[in-house]
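Below, chain A partners chain B and then partners chain C, in two separate complexes.
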Partner chain A sequence: MRPFQYNRARSLADASGIISDKGALAIAGGTNLLDLMKLQVEIPEQLADINHLGMAEIADTEDGGLRIGALATNTAAAVHPRVRSDYPVLARAILAGATQQLRNKATTGGNLCQRTRCFYFTNVDQPCNKREPGSGCGAIDGIAKLHAVLGTSDQCIATYPGDMAVAMSALGAVVHIAHEDGEERTVPVADFHCLPGDTPWRENVLEPGEIITAVSLPAKVAGTQIYRKVRERSSYAFALVSIAAIVEIKNGLFSRADLAFGGLAHKPWHDPRIADVLIGQVPSEKLFDEAADILLSGAQGFGENDFKIPLTRRTLHAVLAQAVEQAA
Partner chain B sequence: MTQSISVNGAQHPIPNDPRVTLLDFLRHDAGLTGTKKGCDHGQCGACTVIVNGIRINSCLTLAAMHDGDSVTTIEGIGTTDNPSALQRAFMEHDGFQCGYCTPGQICSATAMFEELANNWPSDASGQLEGKIEITGEEIRERMSGNLCRCGAYANIVAAIQAVATEKGS
Partner chain C sequence: MSAHLKQDEPDTSNRLDNMRQGVLGKPLSRIDGLAKVTGTATYSAEYSPENCAEGVLVTATITRGVVTRIDKDSVLSMPGVISVIDDARLTTRAAQGTADEAPQQSPRTVCYWGQPIALVVAETFEQARDAAKHLKVIYRENEAAPVSPDLVEPKEHEDETVRQGDLARAMSDAAHSVDIAYTTKGHASAAMEPHAAVAEWDGKKLTVHASLQMLNFNITELADALDMDEDKLRLVSRFVGGGFGSKLGVSEETVAASLAAMELERPVRVVMSRQQVFQCVMRRSETTQRLRLAADKDGKLTGFGHQALVSNLPGETFAEPVLQSSHFLYAAESRELKLNVARIHQMTAGSVRAPGEAVGMPALEGAMDVLAEKIGIDPVELRLINIPEEDPEQGLPFSSHKLAECLKQGAEAFGWDSGHREPRVKREGEWWVGTGMASAARVHNVSEAKARVTLKPDGTCLVETDMTDIGTGTYTILAQIAGEMLGLEIDKVLVDLGDSQHPRGPGSGGSWGAASIGSAVYVGCKAIREELATRAGTSEAELELAEGRVVGGQTLTALLDGDEISEEGHYEPGDIKDDYTASGFGAFFAQVRVNHFTGETRIDRMLGAFGFGRVLNPKTARSQCLGGITWSIGVALTEALEFDPRDGHLVNCDLAEYHVPVHRDLPELEVVLVDERDPAASPIQAKGIGELGMCGGAAAIANAIYNACGARLFEYPMTPDRVLAAMPE
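Then we have the complex of A and B:
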């Protein structure tokens, strides 16, 4: 690791002041940042340790939802009684990620901001527009098995690798962000991550000095909740494709279909046209195909990851069929 | 005031260089080499220790972030003369070959029993709520963060299962 100055932040304003400097970063669990610092992919001159700012609380909100503090660990969120009973898709998504040791340390804010697992990004000897703007993208003509098929650009085809945010996106959760001047703003999780475009180094909407303070979930809605993660082995691997779904069927017709997809893009993917296709219709294989056609109409593979397109179609079928079965 | 970490009940001062990971602190500063460095990137679990009752990978956290914390390492779990139930079971069931992953496996499994006692679900649990039955599948999923290069997995699971049965009866 390169030398850096370690600061234990005493307040949110203190932390925000430190990280508004270029070359300074917040550290929460450290499970992503320290990994990247050892590889010299991240070389901060200063760290603001935000672990003592009391943002670990998980509490009911007035509108019947739940507010998960940015420093609540992935474990604390997954085992919280209300997450287990009212937001099982979120508990399942978190439990499908990493390992117990990592989830015990990883935080809600850090998980949202975790960086891509693109092999060229993490290897400083390789070209990567995200790590070193203008150096090229090694993955486009290279090893791209984990890479995106939706929303890519000619600059970057990386994916957002996480699971938790996919479920939060389907649930309509909102990120609470504190600004250096003490103001708070909120951004839906579905809009928190960016597409690579011409600025692949920018992964989310956080501005310098901004800190995530919490994520809030809206009140529980009716329907079946499913998180299905397809990976190369049955435990401890990042998603090739994942789907978070909150689906309700009333009188034999779809009445709710909130879906988000992981492993396909630079952000948890959400396509409102899928609900438009499904809602009000009788479930059938043909209908599921129509939904998949719409989702995948703009999909483009890069050789090694071509398989993700048919895999997503099959996974979508499986999830919708499971929702129908569970509703019966 | 010097900052310190309690390791197996003894206080050790935190080194000045903030780059020192908890793992390097335990091995070099506290002189406790039972905790192993496998990958140094959170992938293998050889560095698993128990901090304030919770198992974590000590390679992916800084010593400076643990002022005032209590760490239990393999040296604090049992001794040659007085091994813990898990340590005995690993010997009885041949739960290792070279032994490099073993301290991490045993720290991990020790904390896993606490998680099970609290009925924390895992990816392998059929239900998210209620009492969890300690099946082989549950053990394998919960121990998936501890790799064994020698592939002693079958006997590791058998050793843990034996302790689970002991605790249950």
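Then we have the complex of A and C:
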């Protein structure tokens, strides 16, 4: 671990000012950042500790939604009565991630910003374009079982590892971002993370000095909510594939199908074409296959992770069948 | 005083059964348990001598080659950096278990990616770690560095080769036969406590607190590495946070801390990072196995073939003993066993949790299930009818043999349905449900051991030996043996372990600790009883001790009359070792569910029935079995070391990415202890239990996966991708 300057931020503006410098990072729960600092994957010169800025509140919004403060812990969000009653897909997604100890410490904003678990990213003695631009990608032709099959580039095939953001993406949640100058902007969770392209080091749309202040969820919608995470061990493992689904069936036809996928890409994967295929149609195996065809039309495996493509298809079948069954 | 027992004959006297205290065989909690859960048990890295400097190992970033230059100046000006140790005596691999000599040294010769090559010492751990990352090392790479067994010509490990009868003939004549290839992935010991050492040098003597399993061997290994006399060294390992084979031999941090402490003349602590523990201690070799089983129409085996290919670094003697129990588990006239070793440039392969059977038994017992299906016989019955009368290769009698009882009692307790077994019959929602079973076997070992037992004038007892307790319950069972023999409650017995200044035993490993050192304590106590009997005017055989007194007579304090009696018990397995084949046996039963859509396997319940001689403490024994079954779940479903196919480095080197089972993976586990007395195993009629619980369990799960969903897999671990690939549509 490299020596660094610790700053306890006194205000959002203070924090924002500190982290606009290159080599400065914000720290909240630290469950990911501290590990990366020990490995020297991250070597910040300055840390802005934002834990004392409030922002932990979970409150109803005027439009009937829910605003989750950036510093609300994963545990607090998962057990919140309104999250449990109106957004169960989010509660389940959060509880499917990490361990109780980590969730007690990890925050909502930090969870959105967590880095990939690619083995080559976390080993500083291996090439990684994300960590060291231009050094190459160790995972391509390497050990890539957990890696992406959608939206990859020849620079990077890492996945976004989280669960929470997958559910938020399906729910149409919005990230609130504050800038040093006091301006606030909002970005849908579905657009918050980036694809690797030629800039794999850029994982989300945050600009220098910007800090997540909250995530807001729209008002509850009708339908069944499902979070399905497929993994090798039943806890404390990243998703091979995960699906967050909010599905409504009216008069025997799909009337809502908001789906997002984890474990497949550098970001929670959201493909609006899936809803287009499903809505207004009678559920059937054939229809599920059509949805899977569209989702996976651009999918490309890298040998070890080829299985994710048929696994995603099968898991989609399971989730849609479960939604139909629960609607009946 | 000392007492020596060389066991040449079976001991059927079962003396421990005739004692009066009644403390042995009781399910007592560990006497060190409170200290551990309250954080007051001091582990090696927690010793903090004054002025202790911190060392961090620097590891190679090439697979094979030579370090041509270490630019010490690149870090010596960094804050707090004291020194860069690149002494030629630094070790680059951990010693193999019971090596008794230094492992590979010459740190400038790199044989695998991640090999330690130097130590950076600084005032603080953070400074040392930062400097270790910045140390400039210049290499000359050797491109000829095969990292996969496919790339080299393997060599036969001839000690293992057996050819009896004509297997090819047996196979072609067989009414039923199977010929199956299995693969298993590498495993890590994954002990919770990382390897750590704190070395102190006073100019004459080097004292090292280190996390080690076998001090008696480790001190010789360390002395050899340092080129010093053993009497100038003291090793202390009072508490060890799990070893599972990874701490059998002295490892790199202990030698490095020792060299640094002597060079700098101040105490030095070296703790491996989790990644270093994974990357530079020991891996279990991956295996490729071929099983050939030939049976007559009734299921009696006529031919038995088991071949395996394993790997290790060039120059390492250890080869994963895959065939260990295959030599004697089932009778068959024609036998062919062969072990091949491929020399590759991956980290050292060595002992990891039940070396051999942990991966050999899952393959053998998987093949037995396929055979049972072919014959149309109940798989329990297939095992029962093939249990040999004597060791089928050596013709030796078994010291004791409880496989049949374990199979029967296990099946009964599990509720095994011995009817017709059709796969893919029971489905609950998305989940296919099925059952499977397998035999368990693990060879029994014992070794020479010494322990000093001292009965103090106040009627308390002190047991001293260099034996370690690696979390298994050794402190407790030794207190129970001494308490039973001397008529004392265990709170009157102080057990002092893990110090090389004490009488030496074989340490913890190969499940031999309890029977070996337990026998030494027994021998020491027996000698004390002789003296007490003389004082009490009776014979040792008739002396009855309980609650600190002669039953119906004087107290021990009165008998001792201010004296203390101290005896060094010395146990040695004699000719008996060559007269019997000794093994623990057992049976596993599992009920699993397999998700039709995702291929995920979850275990509903699992049961193990085990016979391993006298049960010294049913609580700690059961815990050992539960741990073993848990490891077998890891072998079956989750554990796999992944090595980069280009440079051979270990990729998944922490506990987040290397998947040992977590609590949620553990179903209802049931353990049936089939208590017995094995007179030839040890003078206390006990055998090893530490490893037996994982030897075969993975096959019970694999066989249950097949029974549930019809996916017959031949690759461990059976991860969702593999299950789906094998699942019928």
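The rule is simple: the second predicted complex is superposed on the first by the 328 of 328 C-alpha atoms of A that agree within 3 Å, B and C clash if a C-alpha of one lies under 4 Å from a C-alpha of the other, contacts with A are read in each partner's own complex, and residues count from 1 in each chain.
What we mean here is this: a contact is a pair of C-beta atoms (placed from the backbone, for glycine too) under 8 Å apart; a residue touches a chain by one contact, two chains touch by 3 or more.
Since we're looking at a predicted model, the values are computed, not measured.
J.: Touch test for A:Tyr236: chain B only (first), chain C only (second), both, or neither?
T.: After superposing on A, A:Tyr236 lies in contact with both chain B and chain C.
J.: Would you sort A:Val79 into first (chain B), second (chain C), both or neither based on which partner it touches?
T.: The answer is first: A:Val79 touches chain B but not chain C.
J.: Report for A:Asp125: first if it touches chain B alone, second if chain C alone, otherwise both or neither.
T.: A:Asp125 sits against chain C, while chain B stays out of touch.
J.: Can A:Ala56 be said to touch chain B (first), chain C (second), both, or neither?
T.: After superposing on A, A:Ala56 lies clear of both chain B and chain C.
J.: Now for A:Ala13: first (chain B), second (chain C), both, or neither, which partner does it touch?
T.: Neither chain B nor chain C is touched by A:Ala13.
J.: Given the touch rule stated above, what does A:Met1 touch, chain B (first), chain C (second), both, or neither?
T.: both
J.: Output check: A:Pro88 vs chain B and chain C. Expected answer is one of first, second, both, neither. What do you get?
T.: A:Pro88 contacts chain B only, not chain C.
J.: In the overlay, answer first, second, both or neither for which of chain B and chain C A:Ala96 touches.
T.: first
J.: With the touch criterion stated at the top, can you tell me which chain A residues are shared between the chain B interface and the chain C interface?
T.: 1, 3, 38, 235-236.
J.: For chain A, which residues count as touching chain C in their complex?
T.: Counting only chain A, the residues touching chain C are 1-3, 38-40, 117, 119-120, 123-126, 138, 141-143, 145, 230-237, 240, 307, 310-311, 314-315, 317-318.
J.: Chain B touches which residues of chain A in the complex?
T.: Answer in residue numbers: 1, 3-6, 8, 27, 29-31, 34-35, 38, 47, 49, 51, 75, 78-79, 81, 84-85, 88, 91-92, 95-96, 98-102, 104-105, 235-236.
J.: Under the touch definition given earlier, write down the residues of chain C that touch chain A in their complex.
T.: Touch residues, chain C against chain A: 61, 79, 126, 129-130, 133, 273, 275, 430, 595-600, 602, 637-638, 642-646, 649, 651-652, 656-657, 659, 661-665, 717, 719-721, 724-725.
J.: Please give the residue numbers of chain B that touch chain A in the complex, ascending.
T.: 17-19, 21, 40-42, 45, 48, 54-57, 60-62, 64-65, 108, 112, 115, 118, 120-123, 125, 128-129, 140-142, 144-145
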